[in-house]
Structure formats: C-alpha cells, structure tokens
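What follows is chain A paired twice: with chain B in the first complex and chain C in the second.
Now for the complex of A and B:
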C-alpha cells in the first residue's frame, strides 16, 4: 500500500507512478485546482535510458567482435548464444511484468514462448522442405501437381512420426505473413482464454501458479504425442536454415538474429515499461499489493490482469519466435513446466518488480548456467572428492536460489538501489500480492529479512 | 533256444491263469496291434477300453510312445527298452522285467500320427478318470488347449465320476464349450451355446467366435449359405475398398492410380508431348487425365477406369459376409450369446477399470496426503514435496542393500523412510520456510530451489539409472477374479496403506493433543499462542508429519514404479492438483480429489487405451475447467482456514 502522504486526494489525479515496486519519485504537489504537471515518460523512468544505452553499447561491442562484421574474436556459436540470451531476457521482462508488477506468478510463460517458436518453426520447416521437395521434383519428366507437392512435403516432414498428411494446423505454414500472425495470435488467444477463465473465477496466488503450471504441463504432454500434428517428441528441427538465405553464411545470419533480438528486447522493454507506468501501471501495482482494495475502488481488476497477462504472453511468444531459429530445434521438452520455473528463478534472482532486474537475472543465470554445464568451470579438487560442476551446478543454483529468496529478496537488481541511495519504504506486501499467512496480522515473531 | 523256450513258458503262465488279460486281447487283434492304421485300430482300442483292465491306460501311453514291441518268434507284445543291440523286455500286464532279446528278434511297433491321435482320444477317457487329480487336471487342460469333437463323450462320462468340486466345475464348463461346437444335434448345440452366455472367460469368447467365424466375398448374386450380412459400398465399406476387393477377386480391372498415370505419362513422352498435350501443361490432374485418355484411346496404356465405371461395377456386384457354419439357428444363438457375453465382459471391464482407478487414486492420495497437511492445513506450498517422496524411495533402496530379506527390509524401510523425510522436512521448515510464512509465492520458489538441489544431489549419489525397490514375494502376483477382472497384490497393498494413512491422519488431527494444537494454530495462531501453544513448534511438527508421510508414499510408489531421481517431479503437479481439486485444508477433500483424478484418468484412458499422454492432457484440461466452477475444490472449507 502506498503511503497516503504522497497521493493526491481523490479529487486530484492519482500519483503517476514510478518504476515498479519502488517508491515513486516525489511528485510536487500541485495546489488544489491546478493540474498536476506531468513529466515525460522517459524522464519519469530514467532507468529506461540507462538500459537502452547499455544494450546499444553491448550490441555495438558484439558487432565489432563478431566474425561477420568485425574482428571475429567471438565465434558464431557464441554470437548465437548471446542472441538467444537476449531473447531469454525479453521473455524474462515479460515474466517480470506479470509477476513483479501484477503479482501473477505464472509458471506457464515458457509455454507461450514455445508456442511462438513452434509457429515460426512451422513456416521455416515448411518452406525449407518445400524447396527440397521442389528440387527433387524438378528432375521428374512430368511437372508435379500441387497435390503431389503437398503430399511430398507431408511425407518429408511427418515421415518420422509415421504420417504423411499435413494436419490442419499447418494450413498457414506456406505463408510467412500468416505464420507471423500465428506467432502473436495463437499464444495471445491461449493467454486470453486461459486468463479469462482463471481471473473471472478469482483464482489467485499459489492456486493460479499451479493452474498455469498445469496448463503448460497439459500443453507439453499434448505436443509429446505423435498425432499432435507437430511431430511429437521429435519437435521441429533444422530451423537454423532460413529459406531464401541458403547461401548466407551462418556467421552473418547469427549476427543478424542477434541484432533482431537486441532490437526486439529494446522495443519490448520500452513498450512494457510504458505499459506499467502511468495510471494503468499504478492500478496494476495496486492489484499486486492488494487486489481487493483496488476492486473496491471501482477498477475492473480482471480486465487489467487479463490485459497484462495477454500482453506479456504475446511478448514471450515473439521472444520465442526469435529464439528458436537461433537454437535450430524445438521440441515439447522446451515447454515442460520446469522451463517456466527456471524463468521465475531468473526473474527472482535478477530482482523482480524492476524490468532491468529481469534482464540482468536472465542474462546472468542463463550464461552462468551454460558456462557451468558446458564444462567451462574448472573442477574443484577437495582431496577426497572432485567437484565436477556439470554435476554440482544445479545443486549450487538451487541453494543459491534459496539464499537469494531468504536474504536478498530484491535480487541482483537491488544493488542498483545502493547506487541510487534509494531506500525501500517499509511496506507490507512489497514482495508479492499475498500478505500470506495470518501471522503478520497477529503479532509477528519475526520481521522479513530486508 | 532253450532260454527262449523257458521265457515263453514263463510268460505264458500268467496268461493261462487269467483268461481275459491284456496280452490276450492284443493277441485277438494281433494284426491291428502290430501294424496299426487309423481306420482299423478303433476296434482294438474299443475292446481295450471295454475290458476295464487296470493296465490299459499305461499300455496305451507306452503304445503311443512307441515303447511296445512284438517278438518275432511267438508274436507276443512286450514293453521294451533298447540298450545297444539288445532289448530289455517287460511284461505288459505286470511291468515286471522278463528278459532280454537281440534286436533281430524284435519288431518295433511304430504307430503313425493318425493312430496316435486315436490312441490319445481313448487315453483321454482314462486320464479324465485317473485317480491322480493332477493327471486329471492335465488331461482337462490338454482338452482346453486343443478342443476336438471326440473328446466330448469321454469328458461327459468322466463328469459323472468326478469327485473334486473345482475340477468338476471346470469339466462342466469345458463340456459346455465342447458341446457348443461339437454336439450332434442342432438343438443340443443351441442349448449349449445358450448356457455359455453367462460366462466371461476368454475360452468361451474364443469358442463363440470360432462358431461365428466367417469370410467375406463378392459375387454377382448372393450365394446359398448362411449369410451373415451384406455390405453396401459407400456406407459399410468405402467405394475404393469395395473396388479393390472386386479387383482382387478378378471381377474388375484395376483402375490406374495417380502414380500409375504419372509413370505411364512419363514413359510415353513423345517429342515434348504426351497424347497431344505438352509436358509443361501436365501439372494438374485434368490435363493428365486428358493425356492419359488419349494414350488409352490409342491402346498404349490400359483404360483409365473412371468413377462412373467403378460405381457401375460396384452396383453390379453384391458384397457379403458368409458364416462357415451352415446352420443359421446355431449362428443366431451364438450371436445372441456372444453379445450377452460381451455385455458381461464390458461390465467386468468397468469393474476392472474402477479397481484400476481406485488403485491410481490411492497412489495419488498417498502422494498428496502429506501435501494436504503442509499446503492444505499450513498454507505452505512445498515444491520439494516430490523430492521427499524420492527420499523415501531411496531410503527403501538403501535399506534393501543392507537387509537382503525383502519382507523384513520393507518393514524397516517404512518407519525409516518416515524418519528420514521427517528430518528433512523439519530441517527445511526451520532453515527456510519459517522465514517465508507470510510470502507464499516465495516459499514456492525457495522450495523449488531445494527441489532441484535435492534432485541433482540424488543424481550425483545414486546415478541417473533407475534403482530397483523389490517387493517381497508375497506381494507378487495378482488377485484374479475372472478373465476380465484382476488386480495385482501390490496395488491392493498400496490401497490398504492409503486407507491406513487416511485413518492415521484423521486420528492425529481429530483425536490427539497435537492435532488439536495444529488446528488451533491453523485457525488463529495469535490466539493459540496466548493459550500456551507454541506455534513454532506446531508448525515444525506439522511440516515434519506431512514430509514424513511423503517418505512413506515414496516407499509405496517405489515398489511398483522405479526409483529415479525424477520420480518426485512426476507426481508433484498431480499432487497439487489433487489437493486443489479436493479442497484445501481438508483430508476428506484430498481423498475426494484423489478419487476424482485417479478415476478420471482411468476413465479417459478407457476411451483411448493406447494413449496415456492424451488422457493426462484431457484430465488437466478438465481440472482447469473444474476449478472454474468450484474454485475452492470439492470440499470447500468455510472460514479463514480456507486460505482467504
């Protein structure tokens, strides 16, 4: 709950908000009757400028060091890793908006990410297979009929699951614009329907988390079936080959995708930052802090939640659509519930309730994770036992995650508060929507560690 | 030669003594006995069977096994065992050894396959009334394996003298099955078939299906015979299938497929044109048909049989299914009986499915009951609950490494698993969870961190491959009600375990001091504290109790599934579903939730048994929808304990 000293009484406009979870910068109170002087969106959120500056410097640095555009100090596969990391940062930002700002701990956001990947993967796979099939059919004495072409594509794509017909969900796969629309529409509609069902029956808190987890589990189990129409557990593969750019070296493709990912992150960051600022941002954070009170104030809480949930699902899907052409393969394991929990872990470690925190968390943990599991970290000799990080990394991650939750709930992003000398006001419910158990109301024994 | 005479005399003595004995009967039929043929051996077998002599069965068996020889000198029959060049002879009545003979004097009797079947038929009658029950059972099972017409009479005869009630029932059942197929008159068979309609066994179904065996055919007019049904192309079978059948029977010419047409066109390209059509224009079916038609008109390729010709050919023929059995009365009776049997089988499967659902429900219940305490009663969401299940299972595995007796090790493992998981739960509560009581979403994440750490730790210690947790011998096997309904003992044991824990939890929560304090702390910790209850201690104990039960569930689950480091995460979502669907904070709710989820999953699997993935998908979708209508679960608690 915001302290009432800052807010204008109901006759004036509500305070314009600040970046999430933080005390809004002191607004000069206008004398009664005079309109409140509003500063520009960027001026109210200086962190956006800093973030964009850091992102463009990073992009510039990588471009200079890349193989295709610069010195070639960074390998193509590392550029791909960096590009993928930027996509993960984008989905983490989307996650932070629903969780850190709106208080919905969605354990199903990687489902939207994966659906976006599947949607773009369908086009990539179809277009590429079509080229191969056309190449094969060109040698035939008789030109092929459209039916023969589509049969051949079907056999080529679905031979691995013992089918040969293109299912109905591939109806738009031949067209890039239509399939790009699917990237947004399919996850958006899923989020809209799921969110509408969940929010209207006022499922909140951990129940909602479990429900979203069930949704992603159901989706991944469905996709694991061979007759799901998306090649079962084989998934879609060969996505790194972009049709029309066969002769472009992977080095060029990787840096192009890196730029695209960086641009998407920048645009997504600004768009989401704009969405959670201003009056709507205040309402959204109000919902996080005390949903019932916002509802009593006359806001239609469900609509706000649904908007935020669907918007972030769409952003997640776009991130997925950029991620999987760089990863090259997508299969249902990517949608398994564990992936979404890891997303929550990144956001929590980075510091939720601030968008740059999500970016830092996703980049830091996913890069560190691939460094440890890729065998990059040196083994530790203990004399009686050798700690091999490929085995022990998850133990370390799990325990450090517990430590962050217990001792540094603000995450890595909290360090910036030290630079800023910004002190968090002591408020209840700062870290989540649920004031939770009854203990705090009836004489708590302990204060939450700050 | 003197020795031989002596032998003859010795052998002749008992024959003289008993006028009617085995040897004398054989001597009456000496020719058939020495070189038996399928047609002639019958009279001898009948005489032997009618004689009622005690050695007949043994004789027939050894006769069948080609152990009987005839001595050339006097034409007498002996049992013989060959060693080197000499035979050791034994008397056929007494079995006593009577001497040896060189192979030159001995003719081995080698009944052929047909004869041996005849012998076996006669032998069955003896075996069916053999005093030894095991031989009677063997004979009955032999009949069940390969039923034939001639076994019916001996089987019916032996029923009258059968003393063992179980075997008598089995014989009656078998006689019914045999009569349905092999009785002489139609009326007898129909009666027998009707009496089978109360059975569900696989044998009965096989026998009825055998009677109803049929073949499909196609002709210009319906043939005489017992027609099962006729097919109409287009509705009962597709026109393409019907036409293929016509082609197969040689009643129509094969229609060239699209691929045939393409190949024919490719083979007949003539100066960039096929049948007058430029090759470049052959990229659709119409022009291809046109070009092919031109080729066919020139007689280069077989004619393309269009849809009109195909349907004309189809309507000129009749497609039918004809029974192998000629008598419609019998097939009608068999059909009625089979449909009744199938109804019963369907009901049996329903019961079987319910039992399966019940067993799955008890597994979910065991996995979720601990969660119902920690999540339901305390409101703490513990993502590491699945890892406590894993911990319990690995405890059971380790105990088995040290205690080789499976029964004993199971009884050690159960309390030990409880202790280990209890300890882990208390440690986690003390170290992590109590700092997060007012931040439930963070509890979720922190316990998830513990969960991945524990999982990886188990992987590091025990490896990634599955570890066995062997159940004791007395839990092997299954309780078989009939051919349709059966359930393994291990699932019954898990069901019993679930019942015990339901009772235990209810007892602890409702009847003990601890339960009272738990409920008090749950409802109002401040008030409870002011009444002298230490909420910290109660929270710790409650959490330990929930975790400990997860450990025991781990042992139970490990007994029927494999112990891996990921076994916990396989149950965690379902467990939360169970608690949420059932209604938080209520043990009965968990029971209802587990029953709903277990029953539902089996019910959906029933529609599509091959696809358990789809069953799980639809079940989760159902749960998501279910929560729309009952957000607080089946059993909704009123008041603050419901987590409002």
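Now for the complex of A and C:
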C-alpha cells in the first residue's frame, strides 16, 4: 500500500532512451489536460478499509464466542491470548513503520513496549495494594495518617525485595492520569534522547541495530536489580486485577481488554498509515532508500528519523500498556534483547513495508509460537528421536526466517500482490537481513569517477 | 553580476592523495559556467565541497551577499540556502513515482511537521505539471522512476533540481546517456535556467559545452588550469597537453 494505487501494473514494455512522445497513448495514465482529482487518503490506500473490515469481523466473531458476551466457546484465557496478540500486532505495526518504511532496523522496540507495561503496572499494583491496606487499617480506632498508609503500601509491595520505602520512581503511582501520562512520556523521552544521540552522529545500519540492542539490554539489566525500584526480577504482578472492578469476573474484564486492544490497533494502524502516506511517506521512504539524496533536497534527515522513531516508540508503549494487564505480570525478562529480535522476525515474515504485513506476521507467528511452545503441537516420533516442539520450535522459526528472507522477501503480505496483480515492488534492491534497508552508502557514487 | 559563490584556497586530501589543491573559483549570479577537465581532475569533489558532502582540509567557501561560510552548514542547510545539485549518476527515488519525486523536491517548508500537516494545501499539482512539461515527462508522472530510461532519469533529476528553485545549480554530467535531441533540449533548459540563476555544469562533451556558449573553467589535478571562453581555453597549450590532446 505504500506506492500509491495510481501505480497501475506496468503492462507496457519499457522504452529505453525514449522521451515523452514515444509512449503509446494506450498506457497513459494521466492524460494531458485532465486535472488530477485529489483523492482522499483512504481512497488512495484501500488496504486500510480491508484491514478495518477484517479486524471488525474478527472482533465481532470473538465477542459472539466469548464467555461474558456470547456462547462461551472460547475460554477466558484464550480471549486474553487473543487480546495480547492484538497488542503484539500493534507493536509490530510500529516496528514496520520504523524499519519497513524508514529503514531503521531498531532491535530495541520491546523496551518501549515493556516500559509502557511497567508504567501502567505501577498504578495497577499501587492502587490495588492501597485498597488492601485500607481494608486492613479499617478496623483501627485511630484513622491512619497518609504517611502510615504510604509506608504500609511500601512494605506490602517491596517486602519481596527486602525494602519498605516507596522509591521516588513511584511518586505518581497513586494517580491513574499521571501514570497514564508516564506510559507515553517515559518511553517517548527515552526514544527521543536515544534517537537524538544516535541519529545526530549518523549511526546507521547494523551499528544502529547493535546500539538499540545495547539499549534494551542495559534497561533490562538495570531493572533486574532490586534497587531499581521496580521490584527487580520479581517484576510487577497481579496486574490482571483492575482496581475498582474487584467484583467484575475475569471473563468480562478479558473481553473488555480485548475490545480495547482491537480499538487501539485500529486507531494506531490508521494513524500510522496516515503518517506514512502522502509526502511524509515519500520523504520517509526516500530516507530508507537513499538518505544522502534526501539531505541534498534540503530535508533534515535526522529530524525525520527522530520523529518516526519516537512516534513508533510511543505506539509501542501504548501497546505494552494494554498487553500487560492481560498478561498479569511483567518482569525485566520481557525486555531482554531477544524479545525485540522476535519482533523484527515477525515483521520480516509478515512482510515489511506494508502495515498489514506486520499485523499478519505478528498474529501468525506469535499464535503459532504459543501453540508450539504450549505443548499444543503433537511431538513427532522419528523412531530414533522424538521431535519435541517445545525444544524445536525455535529452530523451525529460525529456518522459516532465513527461508523468508532468501526466497520470499515480501513475506506473507506478498501474497496479496498476487491478488492485486501488483508487479511493481514497493522497493528495490537488497532485502538482506543484515542490511535492514537498502541504501546507497553515503559518500559513494556508483561508477567510480575515473 | 554579483558574486554568489566564492571558493578560495580550498584543498582536500583523501588518504594522502590531494584531490583538490588550492582551488579558487568564483561564480556570479546570474551566470552559466562550464567546468571541464580530465577524469579525476576533481570536478565532482568540487561539487561535494560546495554541497557539504566533503569537508575541505583548508580554504574558504563563502555564499551570498552576506558571505556566510558554507563549511559550517550541514548538507540540508546548504540545500535550503539555495544550492541544488544533480549527481553524476542519476540519483532519483526509483521506487517512487515521477510525481512523488518531483513533489518531494518542490520548494516548500522542509520540517517534519510542515510536511506531515501541510498536505494538499498548496499548488503542488500545477507546479508539478509545469515542471513535467518542461522535462518532457508529463505522460510519465504516475510511473515509478525506476522504470524510466537513463536519459529520462537524468531529466527527472534536472526537474527535481528546478523544483527546488535554487539560486545555484550544480549539474554533474547532465548529458550522459542522452540522445543528440535530448542533449539539445538539455542545453536549452540549462541556458534558460541560467538567465536568472547561477548554473555550474560539468561536462565532457565539447559539443555540449560549445552550445552552452559560456565561460569555461578547466580543472586539472585539483586546481584551475585555465579559465575563459571555450576558444581561449582550447587554445591554451597546457589544456591541450593534459586534456584535449589525449
């Protein structure tokens, strides 16, 4: 959907050396004199409508089959899995914008996702602990002072790491609006600062990917420490209990979060599709394909990269904030470097450079992954050896990734081109996994000048 | 004619190899200037320096009435200051349509938020059509630039250059890969552009340079060997020795 739909398939032959007049009128697309109608954003990107339709049907179907709202054919835990999958689709869309469109292979996006989860988790844990503490203190003759309450909450939350003080990092945890602001602000600021430092020094390609891995590794190592103030390796737990909804059954909560995730995916998808359409999309894809050239046109490439990187980090954080209440627990292992690599694998398998490809990749691979690793897939008895999928799934995933990269660089999303008869690729050149994006190296011109 | 660009005493060394050696060139506004010289003379490197792609080891590059130094500006700032460039190898965005290529080059605010929120609010279409007529690509606006022939890509890049509406155009070997009629057309285009702007053209084809009918600078081993009318420089014995005689 990147190249505008007025790029009809190039049916005609090429006309080497030909100038305007030599092209037969039959294949003309914008006849002389006829003013080009400005079509709306959705009309130029019909895949958005198809996507929204598919998502609506899926949501409707799940609602009808859910326990709280329908027949109950789908278990509550499966509804949660589906809701979480939608969040993963959203972070994959964000990843596709930064990688598939802008050519920045970020291998640290799950850090933003995790930070979003931590930010919402702090409020969930604090508010719920506060209720428990208040309940305990209720019977006492003298009402507890705010300090006593705060201390009691601190002891309750931090008992596991042998502390009782609420660290400064929890200063806003009592307030849902403030903590929701943190969901966006903390990852957004991290992305802004990291991106500013990296892009300003013109770190690109593999080096940038390594730097993003280092960022997410450093963050997870930091959070593993008990004195990070976020409960070390215990992480935040009990997030599935939503304060104020103690009496609401999990079945109802799960379908509500599923709807919220579907809405977030729909809104995020449309917003990001809008951001990468039109002239903005042109510049962003230009940066992916040849950033030096974009500079010589007068665009400050670093600002664009920073904009795209930060925007997609914020979307990733929102996805995380919806994911972890459904998962119930978040700990530093969630933002280990491997998580971000999986994200890139999903997008590559789904087909980068098209947002629906990212959605398909994330949904398909993550659901398949939980089926294989959850023991859903039957073991294969080879006589001399038993293939246990819990062990071998990663090997299969790795092989599929290599196969897709080598033989089907457009990924699963490329199948839609067969339906559309679209012969023009969105991009040309190398799709290699190490290059991340195809670009002419800065400072080189092919054909050595001598 | 006032001086628009002043390059003085500039030197560049690549790994010990002196590609530009104490080079001084002045370009006026308006002016059409041809730069010739053997391969490796430093013509492209000269453009790299002016556009901020290569930083010189020493020397000054001053721009405009206020004589601001270009050496402290980034590539994008230099482009926004009014210097446009066509590369030796046609460099267009192959995966995007001719229209998208031109739209990206059009002179408009360049910030991310300007670009994000200003869509469809300008006269872009009519400007694009005007440019496309001028470069003979009117019927190809919706084609991906990658499908164009070599000569058409050259033209598209010239169109992108004009779309930027720069004060100084640096044009590196524009006629390569063009048929004689296309070359003629290109000369006309450049001459017309030079009526109001400064245009510097690097070209090997002597016929092409003759048609430009302008002052010629001969570069050799990174510095100016001769300067003047085409007849003047082609009569210069040193020029014949290093360039024409081979």
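The rule is simple: the second predicted complex is superposed on the first by the 387 of 450 C-alpha atoms of A that agree within 3 Å, B and C clash if a C-alpha of one lies under 4 Å from a C-alpha of the other, contacts with A are read in each partner's own complex, and residues count from 1 in each chain.
Going forward, contacts are C-beta pairs under 8 Å (C-beta built on N, C-alpha and C of every residue); 3 or more make two chains touch, one makes a residue touch a chain.
In this text, all values refer to a predicted model and were calculated from it rather than measured experimentally.
Judged by the touch definition given at the top, the superposed model places A:402 against chain B, while chain C stays out of reach. Of the two partner chains, neither chain B nor chain C is touched by A:247. When the two complexes are overlaid on their common chain A, residue A:197 makes contact with chain B while staying clear of chain C. By the touch criterion defined above, A:293 reaches chain C but does not reach chain B.
Once the two complexes are overlaid on the shared chain, A:71 sits clear of chain B and of chain C alike.
Once chain A of one complex is fitted onto chain A of the other, the partner contacts of A:394 are limited to chain B, with no touch recorded for chain C. Comparing which residues of chain A touch chain B with which touch chain C, the overlap comprises 440, 443, 445-446, 449.
Residues of chain A that touch chain C in their complex: 3-4, 6-8, 10, 14-21, 23, 28-30, 32, 35-36, 38, 275, 278-280, 282-283, 285-286, 289-290, 292-301, 303-304, 307, 424-428, 440, 443, 445-447, 449-450.
Those residues of chain C whose C-beta lies close enough to touch chain A in the complex are 39-40, 44, 51, 53-54, 74-77, 79-80, 84-85, 87-89, 91, 93-97, 100, 103-105, 110-113, 115-116, 119-120, 125, 136-144, 146-147, 149-152, 155, 160, 164, 177, 179, 181-182. Residues 105, 140-148, 194, 197-198, 200-203, 205-207, 209-211, 213-215, 217-218, 221-222, 224-225, 337-338, 341, 344-345, 348, 391-395, 397-402, 405-406, 409, 431-446, 448-449 of chain A touch chain B in their complex. For chain B in complex with chain A, the touching residues are 258, 262, 265-266, 269, 274, 279-280, 282-285, 288, 379, 381, 383, 432, 434-442, 444-446, 448-457, 459-460, 524-527, 529, 535-536, 569, 573, 576-577, 580, 611, 613-614, 616-617, 620-621, 623-625, 627-629, 631, 640, 643.
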